[in-house]
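After this come two complexes, each holding chain A, first together with chain B and then together with chain C.
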Partner chain A sequence: MTRSRALRRLSPLPVGVLLLLLLGAMAAGVLVGAVGLSPRAVLAELADRLPVISVDSGLGERSAAIVWDLRLPRVVLAALVGATLAAAGASYQGVFRNPLADPYLLGVAAGAGLGATLGIVGTGPASPLVPAAAFAGAVVAVLLTYALGSAAGGGRSGTTLVLAGVAVAAFFTAVQTFVQQRHADTVREVYSWILGRLSTVGWSEVTLLAPYAAVSLVVLLFHRRLLDVLAVGEEEAATLGVSASRVRLVVVAAATLGTAAAVAVSGLIGFVGIVVPHAVRLLVGSSYRVILPLSVLGGAAFLVLADLGARTLAAPAEVPLGVITAFVGAPFFAVVLRSSRRGWGP
Partner chain B sequence: MGAVSGISARGVGVRYNGRVAVAGVDCSVEGGEWVALVGPNGAGKTSLLRALAGTVAASGMVAVGGRSRREMPRRRWARLVAVVAQHPLLPAGMTVAEYVLLGRTPHLGYLAAEGANDVAAALAALERLDAGALAARHLGSLSGGERQRVVLARALAQEPEVLLLDEPTASLDVGHQQQVLDLVESLRRERGMAVVSALHDLTLAAQYADRLLFLDGGRVAADGPPATVLTPEVLGRFPGARVALLQGPGGELVVAPRRAGPAPPAA
Partner chain C sequence: MKTGRTAPSPALVLTLVLTLTLAAGCGGGGGGEPPTTAASAGFPVEVAGTLIPAEPQRIVSASASHTEILYALGAGERVVASDQFSNYPAAAEATPKLDAFNLGAESVAAFDPDLVVLSYDPGDLQAGLAALGIPTLLFGPPLTLGDVYAQMRALGAATGLQAEVEILVAEVGGEVERLTAAGAPAGDPMTYYYELDPTFYSVTSQTFVGGLFALLGLQNIADAADAAGTGYPQLSAEFILAADPDLIFLADTRCCAQSAETVAGRPGWSVLRAVRQGRVFALDDDVASRWGPRLVDLLAAAADAVSLGAAAP
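Let's look at the complex of A and B:
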């Protein structure tokens, strides 16, 4: 019988396609840049670092540093941020059964914005404390949202939580605006932080984000079957032995951890968390067993490509990454939306 | 299926924000027995079903085969008791097979995936309800009768000892109402499941259930075989009801509504 069509499982084809896309995007990201290096030399330089293989790339020390300390960490960072935001967005959409949910739903954006603003005002834009302050702000905002939502709705309804998030975000944004007004000289730095960027020198941002991203992705991927259970509603899930509020707590905690870390190193990059999961959903179906892993790959590939555009389109200047993700993502999403008759469920 | 055990409630009460919906209900339903909850709107039928399902905080005790709800985790209770809600949420993009497979959830570890036996159980449940051909359809494309059979298949895939149904015939035409109730009837006979269902239609309730539990104001007003419960006194508890108790051609009870005023002239 038509079992494979009836029970959609992760099939090798879309995984393979997205893996190839990701690898191709990462290769392009390493090969293309403001300084013209021969692709052959760059590939030789990369191969040289692999165990056993020894090739002389012919690149000087400065060119080698461009590959190792500028391009490669930036590409890896883009992949990590994209994967984390897309997985968090998909999980939020599942856990709140809300197609408009994105990773910033419960106040992450406003909290990180306030944290970063305070960091920039207090210690300067280049300070290593800015990411830490943004991370702390994001986590505090979500904790407040959860405390408020649980007090109001007993933690039983996702809607209460979302509304609590609206209140917390409004409050944090107000405080941020107030602080910014008092320190008008920092507006430019704060604004560029909010638009999101992946300018990185060396591997420090990657090593900062990697552990959080790894924990977040593993936890979210393990919850993909339970997200399907939640799709039938909280009461039905309870009759199937699943506590919706418990699943929501774990998923929100994992998604927040990953998102806060991503925001801390890259600012607020919009659109990835919404457009990637929805594109996957429209193309391959509505089961989170498929959506979640494919969103991880798709989000990584999407952000690597977007960042490639951000640093090459107006070289040597950089286009803000958030501008690219929306500029490319919105039309792409419109095409997917139009060409698919599969809607979002009720 | 194991022991045919049935479900029992002792002094069960449910409140929503202080308002009493169910007040001290005692009832017990044997394995293989079908009890219909009847009564006016707001009598507490759905709330009692929720208390039996364990999805609402309730006072008193609910137990299946002597095993109390309080003494076991939610997941083990879900292996004993399956629920067909009145308006189940069916995600439009999900396939029928995926939905029925969700019924295996209580049999899986928290983060485990379904095995081949779970898939087999789900597809068998679907076949049992003559819905095997629907497996690859999207839930959004089903008709009312198909939806109800698919939801029943999901409940059956749980392999429960107790089946709770909230108005399983609501919004179905008369043929599909009978089809669904016939299926429930054959399932409880072959598996020895205890069935508790809220049913608006008193004629159907009288024909299919072994016993009627008449609820009014959250309390049991009458409990017994349909013929002893459906009396003019009990029917008088439906506010504004004008009904006649008739006998069908096979001796079955028929509760016939009558319009106000003089009867319209026959055409």
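Let's look at the complex of A and C:
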């Protein structure tokens, strides 16, 4: 009895563990890299920037730039993207009551893929227009899915929406493949974008994503209780005075905003949105009041670690991030799935 | 179509000789100074918008063509790392390897380079290296021989090897001149199909390779199939059979193990004129995709094919 009660409430233990994991992962991400900088010097360099404290790290100009312009922004970006994708995935799974739902369910990936492809073909891979185009493509695809789903099912059924997403995604992917085929010279750039990467320089990507991620996370966290109500069933929710279609609209809008912004700066990083919420669910509890906040922390820590792997495993080459998330995530998830006797569901 | 550069003018040769003499003179007058001083003159230098503060001694080249150029200029021992495609000359193969398509700024910085040469930027690499204060040259694919010479000269200027690069450009230019001097054989222009991979991706005359082959008076069957204007259209087997080219060049012998035999064995291809007359030519994929000094090897292979084809009844 006490066990199942604990599962419904957010207890400090898992929060503390995940918070420590996240901080440890971020510290490792800043300390470890292709260039061997002494951890002491890096920590001193970081402390030096804090108010009041003044330490001489002994790092040269180039080494300081490696810490401030390459490693730190990348670690922060990984944490933001991971948190956003995991929260969006958890919310999608709740709102559609579907364990296979991920943040790309309603066409975000296909829309962003088309947008990015058009941006790369039109303006080159380094253009600041590529993230904007990817973001626009993702939002347009989900709007289209929503319009199609509402027209077909009156917005009452989540299933209609998912099916509309399938249609929209297929269409956008077809257009993207066609554009790519006509511009075979940009295949490499498009491919590297699709595999996902966090090779950021400076803070521009972080500042681009942060406001969207913040709004998305706050809205989703505020709706975690309603997701629990929805999990019981749409009709049951209605008897409790909760409108399933209204909650769905708000949650989908918030999750899409965050996902689209994350995809715009990092490409398509699979698996985070599925594995992290499920691992949390299997390990800690089945209530969205627990799953959502823990997914935020877990997603951030997972992606920071995955990116650390992407940077160091095959050094000096970088492994595409999407490969790492699936390569590490799938076996880990299989173990969690095997060792847990809890099924999926509320 | 653009024609190649003409042979070096007398003025150029004169400049070259003067530069060499001056360089030698400075070196001799320096007395106890280290030998690099003479060559270091002229730095800092700005090349293609990149400021290079001093003569680079640690070069990372993530571009196979430019690795070949660097070695041809005699800057080979300054190359401290290269990419997985930099396999020529053999010494380049032995340098530590980077992945040209998945390259992070920090991985490059780990080699402590003072010059980085790239032909591909996934988006943030050049910006990242700039943030670290590492001068970087990013070269796009050349479209003409003039582009190749310009890239060679840029590398020469960036490495302080201006004299050497003029010799190299003159050598390559002279060789191109010699190979194309004969012009097109009399009669109808010969047509050719250039195969990049067994799914029939090809090149048009708008590309560098296509432009090179056009110098030999060859007509490219892919030109008619590139509505999108990318330069790299994918043809269909039917299109190739209908076009029935005089010559077939295979630039997928290494990647995809294609040969005159495999081409003859493709369903329906045995009726092709080029197959029946034995005019299917295997190229070295690497030589066929590098815009360095070995472009003359590619041109020579094509020129041989043309003279063989012209000799046919």
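Just so we're on the same page, the second predicted complex is superposed on the first by the 339 of 346 C-alpha atoms of A that agree within 3 Å, B and C clash if a C-alpha of one lies under 4 Å from a C-alpha of the other, contacts with A are read in each partner's own complex, and residues count from 1 in each chain.
Operating definition for what follows: a contact is a pair of C-beta atoms (placed from the backbone, for glycine too) under 8 Å apart; a residue touches a chain by one contact, two chains touch by 3 or more.
Source: prediction; values computed, not measured.
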- Room on chain A for both chain B and chain C (clash or fit): fit
- Answer with first, second, both or neither: which of chain B and chain C does A:Pro320 touch in the superposed model? second
- Query: Given the touch rule stated above, what does A:Glu236 touch, chain B (first), chain C (second), both, or neither?
  - Reply: first
- Query: First (chain B), second (chain C), both or neither: which does A:Ala34 touch?
  - Reply: second
- Note on the structure: Quick note, chain A centre (C-alpha) to chain B and to chain C: the enclosed angle in degrees to the nearest 10 is 150
- Message: Looking at A:Ser287, would you say it contacts chain B, chain C, both, or neither? Reply first, second, both or neither.
- Response: first
- Query: Is A:Asp228 touching the first partner chain B, the second partner chain C, both, or neither of them?
  - Reply: first
- Task: Figure out whether A:Ser192 sits in contact with chain B (first) or chain C (second), or with both, or with neither.
- Result: second
- Message: Considering the aligned complexes, could you tell me the closest Cα pair distance between chain B and chain C in angstrom?
- Response: 42
- Task: Kindly list the residues of chain A that each of chain B and chain C touches, one partner per complex.
- Result: none
- Sort out for me which residues of chain B touch chain A in the complex. 50, 53-55, 73-79, 81-83, 85, 88-99, 101-103, 105-106, 108, 110-111, 113-114, 119, 123, 132, 135-136, 139-140, 158
- Note on the structure: Per the touch rule, the chain A residues reaching chain C in their complex are 33-36, 61-62, 65-66, 69-71, 125-126, 130, 181-185, 188-189, 192-193, 197, 199-202, 311, 314-320
- Note on the structure: Per the touch rule, the chain C residues reaching chain A in their complex are 81, 96-99, 101-111, 120-128, 131-134, 201, 228, 230-234
- Provide the residue numbers of chain A that touch chain B in the complex, in ascending order. 1-3, 5-8, 222-223, 225-226, 228-229, 231-233, 235-236, 238-243, 281, 285-287, 342-346
